[in-house]
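Structure in structure tokens, see below.
Read from first to last, the chains carry the letters A, B, C, D and E; within each, the first residue is number 1.
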Amino acid sequence: MSDVLLEVKGLKKYYEEQGGMRKARNNPVKAVDGVSFTIGKGEVFGLAGESGSGKSSIGKTILRLHDKTEGEVFFQGRDVFRMNRRELKTFRSEAQLIFQDPFSSLNPRRRIGEAIGEAMIEHQLAVKRNARDKAAEVLESCGLSANFIDRYPHEFSGGQRQRIVIARAMALKPQFIIMDEPVAALDVSIQAQMINLFSSLQQRHGLSYLFISHDLSVVEHLCTKVAIMYLGTIVEYASKEELFSRPLHPYTKALLSAVPVPDPRVKRERVMLKGDIPSPSDPPSGCKFRMRCPAAEKICAEKSPPLSEKGSQHFAACHFV
Amino acid sequence: SAGEEPSSAADKKQETRIAHVKTKKFKASHPEALPVKSKARTDTFVAGISAPGGVFLPYFYENGWDGNATDPIFEPLVKLDKTGKPAPALAESWTISKDQLTYTFRLRKNLVFSDGSPLTAKDAAFTLTLLHDPAYAGYEDITTAYIKGGKAYKEGKAKTIEGIRVLDDRTIKITTEKVSAKSLLLLGGQVLSEAYYGKNYRFGKLDYLKELYAKPLGAGPYQFTEYLPGQEIRYQANKHYYSGKPKTEKLIYKIIDPSTSLQLFETGDLDYASFSPDDDTVEHLKSLGFANISVSVVNDYGLVYVNHKRPPFQDKKVSQALIYGLDRQKIVDVRFKHYGEVANVPVSPVSWAYDDKGVNPYTFNPEKAKKLLDEAGWKTGKDGVREKNGKKLEISYYTSKADDDFIPIAKENYADIGISLKPEVMDFNTEVAKINDKQYDLAAVSTSQILDPNGTVEKLASGHPNNVTGYSNPKADRLIEKGAGTLDISKRKEIYHQLYRELGENPPYILIHYRQSARAVSGKIKGLEPDNYSGISSSLSNVSIQ
Amino acid sequence: MKRYAAERFIQMLVILFGTSFIIFFLFAMLPGDYIDSNVNLTPERAKELKALYGLDQPIWQRYVTWLGNVLSGDLGFSLKYQENVLSLLQKYVWNSFFVAFLALLVTWSAAMITGVISAVRKYSWFDGIVTFFVIASMAFPSFFISLLFIKWFGVDLKILPVGGMVDTGSTSSGFSYVLEAARHMILPVVILSMLGIGSLTRYFRSGMLDVIRQDYIRTARAKGLKERTVIWKHALKNALLPAITLLAFELPGLFSGAIIIEQIFGWPGVGRIQLESVHYRDYPVLMAFTLFLSCLTIVGNFLADIAYAAVDPRVRLK
Amino acid sequence: MTKPLLEVRHLETVFYTEEGAVKAVDDVSFTIHEEETVCIVGESGCGKSMASLSIMQLIPEAGRIERGAVHFSGRNLLKLKQKEMQKIRGCEIGMIFQEPMTSLNPVFTIGEQLTEPIREHLLLSKKEAWRKAVELLTLVEIPHAEQMMHRYPHELSGGMLQRIMTAVALSCDPKLIIADEPTTALDVTIQAQILDLLRDVKKQFHTSILFITHDLGVVAEMADYVIVMYAGKIVEEGPVAELFSDPKHPYTKGLLAAKPVIGQRRETLYTIPGQVPALADLSGSSCYFAERCEHSTAICRRSSPHFTEFGKGHQAACWLYGEEKADE
Amino acid sequence: MKQQKGAPPSLWKQTYRRLLHHKLTVISLLFLCFMFLLCFIGPSFSPYITDRTDISNANQHPGVHHWLGTDQYGRDVLTRLMLAGQISLTVGLASMVLSLVIGSLLGVAAGFYRGAADMIIMRIADMLMSIPGLPLLLILAAVMSEWKVPSEYRMYLIMMMLSLIGWPGLARLVRGQILSLKEQPFMMAAEVLGLSDKRKILYHLLPNTLPLLMVAATLHVAGAMLSESALSFLGLGVAPPTPSWGNMMEAANHYMDFTLRPWLWIPPGTAIFLTVVAIHLLGDGLRDAFDPKVKRQVKVK
């Protein structure tokens, strides 16, 4: 493995419910419950898993949009949670986040030129005078016409907005971008355009991505390494080829088999899971997956399986693999 | 006397020179037009009252309206007749010693309270003693009657008050230490029953009375039956009343807002209401048909205090100029719409002391005002406002009436003679506080009912503790003292006449108006003769309903 | 829940303390006190009386005394009414309460109905007319509307009483008393309602507009429910939710908002007491009344929270 | 093949907005036979939902059905009175919506919401309706059905809610179920459960299903017959196997190619260039896909194409296949 | 709308265009402009500008010389109506601006910084909300005369005080809005971009509370004008003889003037009413117009 860009160690993020009547449950929501991984320079790391499994929470916590509960995050060797204001500001230009819904992550009352320009001004990548021109440049590099800079977000289509958001992130010349389900809100025909854009940008600028998605087919297409999450923990972690060809964890297997294939002739054997995902504020004892696991046994209720190496660079958290 | 319509505007003006005009009456033109509600009431007389507080005990209430409410229940020894002269009530007669210091009251025979218990001179003595109690916190300042030994009692140095002596059940003799025109009314006030109100009395402890505030017992024409807080006070005829049980079985004081009293009278909710009259109101009342209307002069006057402690007003010429330069007739015309008159004497025309002969009438004369101001050294400045020694003649004017008619007219008048008037509206208590602190230039006030002419002038005495105008005039001081120091009305009349002339020459304040009030009585009511001293309460016992 | 209640309670104490403090010291800045307003007192007598009423003490001390008394359950003694403040307020507060409560009821039901209908038929003539009336009722000062209604209904048409709470000298009791009082209540209640109805109708209208767009309304329709059920059951209950928070501030507002109306209609409510307490510097009454209103606000808030929880299962206690 | 249950003919639903009239559904015709599952696919905003809501006459206020007919069991639904339509909704046609979380009223219990249509349409007593509701819940594999009846929507997970929505749609034994993207908001594993359930239900009750989705994978699993929509119009339709194996319309082809599939490694994905057009900008006289189509010619921009039949009900609206093309 | 293809219209332009689309809003706007012109320029065309009393002309019916009649001092009602409008409109606007500024500042502070600031601000808001208004006003008025505030300014001061103590409602509203805005992804995005607090508040949060503030503002103008009239009723309003619509309506308080001389109160009443209506409609219109996401639908015929 080449240079390590980002290292996450034992990260936990619990959402404390505030006191008061409105929120009577006092158990914290264990959105992220002890997660470790590293992302190398130029690597695209995929994070997949069901809704509510804590993928976004990881992304936001890494960027210090929330406080962590426990654990450490190093970005280029610096501890993100120990950064002072100035360092944090630099960090903010080096690491960027792109959200699922491009529309809601754009201020509806701000022209896109301003939206891109202000970030550049803030980080001294531009001054007021040339912010407009620079913004136009960036827009063009993301495949958008430069005359768009005076428009408002609502005047664009979904795909264009996603490009704008990417342009805004790229304007700061980051090395690392967290993409939180960036294509989930897009039309089918636009998704492909975006995915292609992501890979070309990544290759052109040598970027690293933390690519969060629950669409395994997209993850497979884009990523080099993949982690599968379930209820706040990583249950399996391997290189893409490894994971998709030889899934170990029963949850990964189920997940893969549940992805519908757009071909009516293919009738795949499906691993049907019973029941629903348990609440992260009240997870089952032992292995968190055991309630739905077709192979669960007694030990699963007693001990939570550690994430251990089951093959070369292939980790899984299950007692039976 | 039937309603006579003045024929022309000029006549009207003449007639409304109220100082010379008697009460004007307009008889109901269609007494049968009585509103349904009124018709339905055959044994009850309803009058309006503004805002009583619910303490129905003379000397102890804190709200003037409670006074009105207790008047029918409690009878005094001595009351005032229509002309403001003392007249017998519970006391059938009284004598005053030669030195004017000793008063002997002789009570009527067989007096009883409304519960049938006897009313004797002891009750009168008890009443006066109670007022001397150190715990007494009411409005009456009995010390101004100067009863001998009163102070000693109050300070706990004596067990009884030396000057009060009950000679027999019907006679009480009170010795005072100083001659005072106020004493007779103070001493001859409403009588409280010792048996009822004195049962638990201990020196220095009056809290027990609070229990009785809402359960009054007196010897007046009516006895209290019920108080519906904020709504009405109900009375019943007192069968033990000394001049016979009143003809009307029930009396109700209904609590109303003055802004709707006309409406309430019109709908028959009230049998009696009084209004500040104007042509429209009187016409409207007449058009109702069922109202007997009487328009008469009210026993008060309106004035504007001038603060003589403030530099500009220390000069008599400035004070005079303020009066000359003010079109008081205009104010009165707007304010009372033909039912008021410019005042020049600090007492109401209904008082026996009223006499304006030889009193400077201060007819509106801006030129003269300007001249006076010039003479006083106030020269017109660049902006038209006069100044002296670099100070502008800017005068503040405090009032508690939001729509004070004085303001628009005076502001204009004074601007014309180079005075800049700064009017300011504030709440009544604030104004009073400012007047008391002498923190004002001009302040509008209106006197309350004037019982004795001394009341209106005593505060002008330079030594008076409440001399809020800061007026100081040795000649006036002497006359004031003389007026209060004698009880002989004809002598006092002469003294006050001199005083009024002096006050005209050296004006202590700006007198504005006398006013009339229109009283409307439902046509079915007979025998009600409201007067200027006791309102309706003195004739309540004669009211009958047809 | 316990923690919540405790938190609330502490907040309440802080607020009560703060309000009483503010009012007390503001009041103290007023020139003149109760005794000063009696112009006829000699300075000696005035001094005597001030000592009797404790008005001669420094303001701090007076506040501490007052606070101490309140904490020991004694709200004081009205200077003007010469009566225990508690019993004084009790005499009047219920009358105000009835009017305020009825007005609240009328305001809310009318606002709800008109708000819902004008949301359902937005931009229709009904909506237009409702909007117009709603604004009209907000646009005129209350004294003016009162006098106008008295003139129309009391004097000209003679169908409603001009003022008071019962007919003069009425001795009715029981049901006929209730009827009589009800007749007298009509005008004050209607006018008081008119003051509040405007903003509330707008509120319901926009709340309803929001709700109608929700998916579950479409679901209700897709289930084949009658339009009536859809609107008045499914939509309304949801539209009511945010309004509950408003309710918390309504009641105290009605108490203090009714002053002018009570005065004009001769309604025996606390309004006059409140005004007089300021005019005559009757500070025990004013302070007690202020505390009363503060309590109402806080209790209202608290109740609103509970009501919210009762109506909205999402915040219901476990 | 069985007899047709629902026939939609030349349906046109228009929204009147500030930007002008928007034809959300533009001359759409299709047929659903008994016991058949028909899928509508297409991108977001192409009018799938509006087409289905038009059948139910539940389109938002701003919209109006301007033209067309919807024949259901021999009656034209568009001609029915409001009252009569109410009797059909929820009773003969059940509907399942996209967002289970927001499609149930948060302030009523599951029980209340489930018994409502039963009592309304089947006129059962409260108790009977309750019993039937519990049965339904058991049918859709909700554990502890009795208890669930007293729960509120927010207490349940999305998958459960979608099953409850299904139960609501099934409550009066409808002949047709319209499922508007019933799994889009759900996770893949849960999605699989729901799809399974729908298939079971169809088998058991012999209902027809109109299934709306934009996920071609789901289509492949569910459909008997597929309709592809683009910008308010149907561009291609046919039996599922035909359509997937031999797509005719460039748009359909594009869709199938653009989707990454697990195990089919490609360097770059095929993309359809350009953006989805805004409906308001479209005028009637062109192929709406022309702007993005690799094969577009002058005629594509001039007039809108007609359907060309390919047999077995497979047809596409594209000038590539029309006779006029030959004329060019 | 073909020109859309070219340079897109700005938000303001769109807002403006949307406003024009709504007839009622335009009418309201025009009416308010008219009102302003009438009140501020109108009096200079009046022959009765000096507002002098003239008893011989008192209580005249509306007629050729005095279009709206005269009052009991013989002053021209129309002239006074216009002069009064200056006061009422100024008071309404000024107090609106003030309470808007205070309310939104405190609301932003509480909502953005949370923590202790939030706690303190909100508790003070609670307190202010539970203090009965009328006594407070009376006290304030008295205190001001104690402090020798010239009476010409007192009215404005009272209105200022009203806004000073009237902020809690608005602050609450703004705070709530800020809290929910802060959860919006675009604020998250602003955070990720490392924008400064100043920028976040000024360019991102405040503009988004604009529609809300617009409605609050228009409601407040109306409210302030009405409370001015209520203040006049209590004698706390503008210093006489300066007219305001509120104290002109006082005439209605006198039963005979009320019944016999409606020209004394109908004009100010109508002026208040129409202005309030116009402001309301304008507020409604502005809210819709300022929201770029709301596309007002055209009525289906």
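Definition applied: contacts are C-beta pairs under 8 Å (C-beta built on N, C-alpha and C of every residue); 3 or more make two chains touch, one makes a residue touch a chain.
Going by UniProt, the chains are A, D = ABC transporter ATP-binding protein; C, E = ABC transporter permease.
Remember, it's a predicted structure, so these values are computed and weren't measured experimentally.
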item: Contact-graph distance - origin chain B, target chain D; value: 2
item: More contacts between chains, B-E or B-C; value: B-C
item: Chain D and chain E (ABC transporter permease): spacing of chain centres that average the CA atoms, whole Å; value: 51
item: CA centroid of chain A to CA centroid of chain E (ABC transporter permease), Å; value: 49
item: Centre-to-centre distance between chain B and chain A (centres being mean Cα positions), rounded to whole Å; value: 88
item: Chain C (ABC transporter permease): positions in contact with at least two other chains; value: 30-31, 147, 151, 278-279
item: Junction residues of chain E (ABC transporter permease) - those touching two or more other chains; value: 138, 142, 145-146, 233, 253, 255, 299
item: Partner chain D, residues of chain A touching it in the complex; value: 50-51, 157-160, 187-193, 195-196, 199, 214, 216-218, 220-221, 244, 254-256, 258-266, 270, 272-273, 275-277
item: Residue ranges of chain C (ABC transporter permease) in contact with chain E (ABC transporter permease) within the complex; value: 11, 14-15, 18-19, 22-23, 26-27, 29-31, 123, 132, 135-136, 138-144, 147-148, 151, 199, 249, 252, 255-256, 259-260, 274-275, 277-279, 286, 289-290, 293-294, 296-298, 301
item: Contact footprint of chain C (ABC transporter permease) on chain E (ABC transporter permease) as seen in their complex; value: 123-124, 126-127, 129-136, 138-140, 142-143, 145-146, 219, 222, 226, 229-230, 233, 246, 249, 252-253, 255, 258-259, 265, 269, 272-273, 276-277, 280, 299
item: Contact set on chain C (ABC transporter permease) toward chain D in their complex; value: 213-216, 218-227, 229, 234, 237-238, 241, 311-314, 316
item: Chain C (ABC transporter permease) contact footprint on chain B (complex, rising order); value: 37, 41, 44, 46, 51, 53-55, 60-63, 135, 137, 139, 141, 143-144, 210, 213, 228-232, 234, 250, 252, 254-257, 259-260, 263-264, 266-267, 269-270, 427-430, 432-437, 465-466, 468
